[in-house]
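In what follows, chain A forms one complex with chain B and a second complex with chain C.
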Partner chain A sequence: MMLQLLEKIKSILEYLGGVSEDLPLESLRWMRGPLWWGTWWAVLILSIVAFSGQSSKFIYIDF
Partner chain B sequence: MIFNTFAYYLLFLFPAALAFRFAPASLRPWTCALFGAGFFLFFSLTAVGGVPGAFCLAIFVWESIFSRLYQKGSWLCWIGVAQSIAFLVAFKYWNFFTGLYFGAAAQNPVYWKGAFLPLGISFFTFEFIHYAVDRYEGKTEAGSAAEYLSFILYFPTMVAGPIKRYQDFLPKVRNPSKDTLENWRIGCTRILTGLAKKFCVADVMTAFTNHLNKADILTAQRWVLPLWLLAYGMKIYFDFSGYSDIAIGSARLFGIRVPENFDWPYFQVNIAEFWRHWHISLTRWLIDYVFIPLGGSRVANSRIWANLMVTMLVSGVWHGAGLNFVVWGAWHGALLVVHRIWIQLRGPAPPDRGFIRLAASWAGTFLWVNLGWAFFSMDLSTALLFFRRLVGG
Partner chain C sequence: MTRRTVLIASALSVLILVAANLLVGRAASNSVPRQRMRTIDSAGPVIDVLGIGNSLMATGFDPDTVERTFRASGRPIIALNAGLGATNPLEHLILARHALRQHSVKQLIYGFFDQQLSDDVPLKNSDLIGNHAMLYYAEPQLAVRYAQFSWMDLVAFQTYRCCAMFQERGNIWAKVEKMRRAMASVGMPRQATNQFGRPEDFDLLEFVSPEEFSKRCRDVMRAGTFLSPPIQGLFQEANAKGVKITVVEMPMHPWHVKTFYDLPAWEEFRRLNRQAVERSGAAYLDASHWIPEETKFQDHIHLGPSGAAQFSRMLAERLIQAAPSGVTARR
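Here is the complex of A and B:
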């Protein structure tokens, strides 16, 4: 039960992150349209802007 | 740096992806190579290495010429491997190895004061070696000089991977995905996710990880030490997986899929699984070009354990020129050996083990991996001080 829930959360996060292209649940069909993606990108961009300004180097750049 | 600059997107990624998409097939490899060369020069001059770093573009030119000599079974392939390792050793480990012999910089007569790392050398060395070995074994076709240049100068993955394979990359340059709208939707989502991981999580953790130094460790209350180390574990994951997301998303704008690098590593239930899900392209490279040539797991037990140790020591030394990285590699090698012995004694874990056993396996793996970050994030004496304070108070 717990593992199934974790699997569902994982597949939703992968879909949101662009890792997976398959919609994880049929009930989330509304996540397919351009309106959804526009909103999601806006949320990501706003988060990035909100936290920018403290940026440090990527760790693996110096490797 | 680089992936979080406007220059990367406006000067390189978007123009290159569009040029690649609309260029005739014969010019696609040249598009990758020319933008890659521009990327290398620009970011060498503005971010890493300066003018001497920019001159290191000559390494790519030389590699593209020399690699044309590779044939199946030819000893020239091994010369290629040796020169790739020599470049890496000269730039990355000169002061480390000579320092082991002569001592500190002041006593070292051959100390290289102006030492610098050419952009992406640790990663493009892997791709050079892979190509030379696979050409020797006849596992990949030569491709044209332009195609090989497009492979080694492919800038989305040049600096820090994911580490590509030529036989996987070549068909994608020849026939990239034509579903431009879908590729850009997914690519941009991936890039934004990577940037969010970097800015919103990894950089926030820096406030905690900055304390991983001798002065703060000596004066801190004991209970905060594991929290600082945990913060480092989160920082390095979100930083590097975010970086990989941006690289993979960037490649997607070209219609090219490059290998994945992370697959929920912190949710794995043993150390072997952790390494199959952490920096996947490096793990696969180490398996194919270090572990298997040493004999892999088709030899006696003691040899397998030695092979695991050597492979992880190579991984440790590759991560940095310092004794702490050697210990970090040995730490993971030892964990893999213990895991192997455990499996041999107890047999593989049953797939239907209960939630409690699964949670315990996960907790153990998570704990050991995160303790290991102490050697990755601090020099050896600081890491040992950290453990002394953690255990002894």
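Here is the complex of A and C:
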């Protein structure tokens, strides 16, 4: 049961990462559409902007 | 994935990023540098005493106390604190120009510590986060002139200027950092914070040893570069407008004074630094020992409210003594 769940998660992540083009579950058909991919790519880019590139020893925050 | 899917998805991504860019720009419309510039804008036509500097000045210069002290001597004035935390002389030059453009400034108080007047570190585009981000939108031509960018940093600087999401990335990072700190504090004893964050973080800004501090003093003395180009620019701008400049060696924590300012190298550095300041037409005021009580500091660098009030009162008294009738302006 747990192994199957892990397999499913792995295949979903592979699909999201572009490793596989086969949709892991039929119930995730909506992930095939351009609306999903456009949103997903934008979320990834925004996450990169928000979480990477900090170069100072500590972030000086003016509270 | 079909070609059509890729095209539509790409267009949607761009649309979402443009919307995010607008949102970040809107969220940053009240950023600290913009607030400071609005404070300057909202002052009357005459500013009698204008405080400029980094966070030492932002926390240490109390305009209400300065005004009260002047008023008590029968001379009402307008004092304004344009100090901005985590900034360098380049940002101070821009803020001073901003004030001088719109107001008649009688006296400019420039607060500094350590070798700040001579620090002329070449900037990289990646350094321009937090309050340094003002270099993207407030007189960017000065950043290009003084920052000594490499050509790659220059290209990055000009590119980042067009996008609020890049310009104000420090604001996003600050929010992420606050979230990280909130998550890290779950189940932990409460950490002390002040206006600028965790006090112990500011220990990182101190020199690692008295030897390092003395070496930096000696390096500057050897090179003879006591006043960095942005500081020289600031003094020239003020002198051209007939503004009296007083450079103040800001009160420092007793630990800092004992560890660094009592060193022979600093004594020699201070003497030459003062001469360089006075040669450029400014007065020099050593206030580094004015606040000997640790309790009047909120961390190793910044004065607390009571220390700021004491420093500002003493500063105002000195200004009154130095210019018995010159500083005030009738409104």
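A few remarks follow.
FYI, the second predicted complex is superposed on the first by the 53 of 63 C-alpha atoms of A that agree within 3 Å, B and C clash if a C-alpha of one lies under 4 Å from a C-alpha of the other, contacts with A are read in each partner's own complex, and residues count from 1 in each chain.
FYI, contacts are C-beta pairs under 8 Å (C-beta built on N, C-alpha and C of every residue); 3 or more make two chains touch, one makes a residue touch a chain.
Source: prediction; values computed, not measured.
When the two structures are aligned on the shared chain, A:Trp37 is found in touch with chain B and with chain C. In the superposition on chain A, A:Lys10 makes contact with chain B only, not with chain C.
When the shared chain is aligned, chain B and chain C each come close enough to touch A:Phe51. Touched by chain B in one complex and by chain C in the other are residues 21, 37, 41, 45, 50-51, 54-63 of chain A.
Across the complex, chain A meets chain C through its residues 21, 32-39, 41-42, 45-46, 49-51, 53-63.
Only residues 1, 4-13, 15-17, 20, 32, 85-86, 126-127, 129-131, 165-166, 169-170, 172-174, 176-178, 193-198, 201, 204 of chain C touch chain A when the two sit together in their complex.
Of all residues in chain A, only 2-3, 6, 10, 16-19, 21, 37, 40-41, 44-45, 47-48, 50-52, 54-63 touch chain B in the complex they form.
Residues of chain B that touch chain A in their complex: 1-4, 48, 117, 122-123, 159-161, 182, 185-190, 192-193, 195-196, 198-200, 203-204, 206, 235-236, 239-240, 242-243, 245, 249, 260, 264, 267, 318-320, 355, 358.
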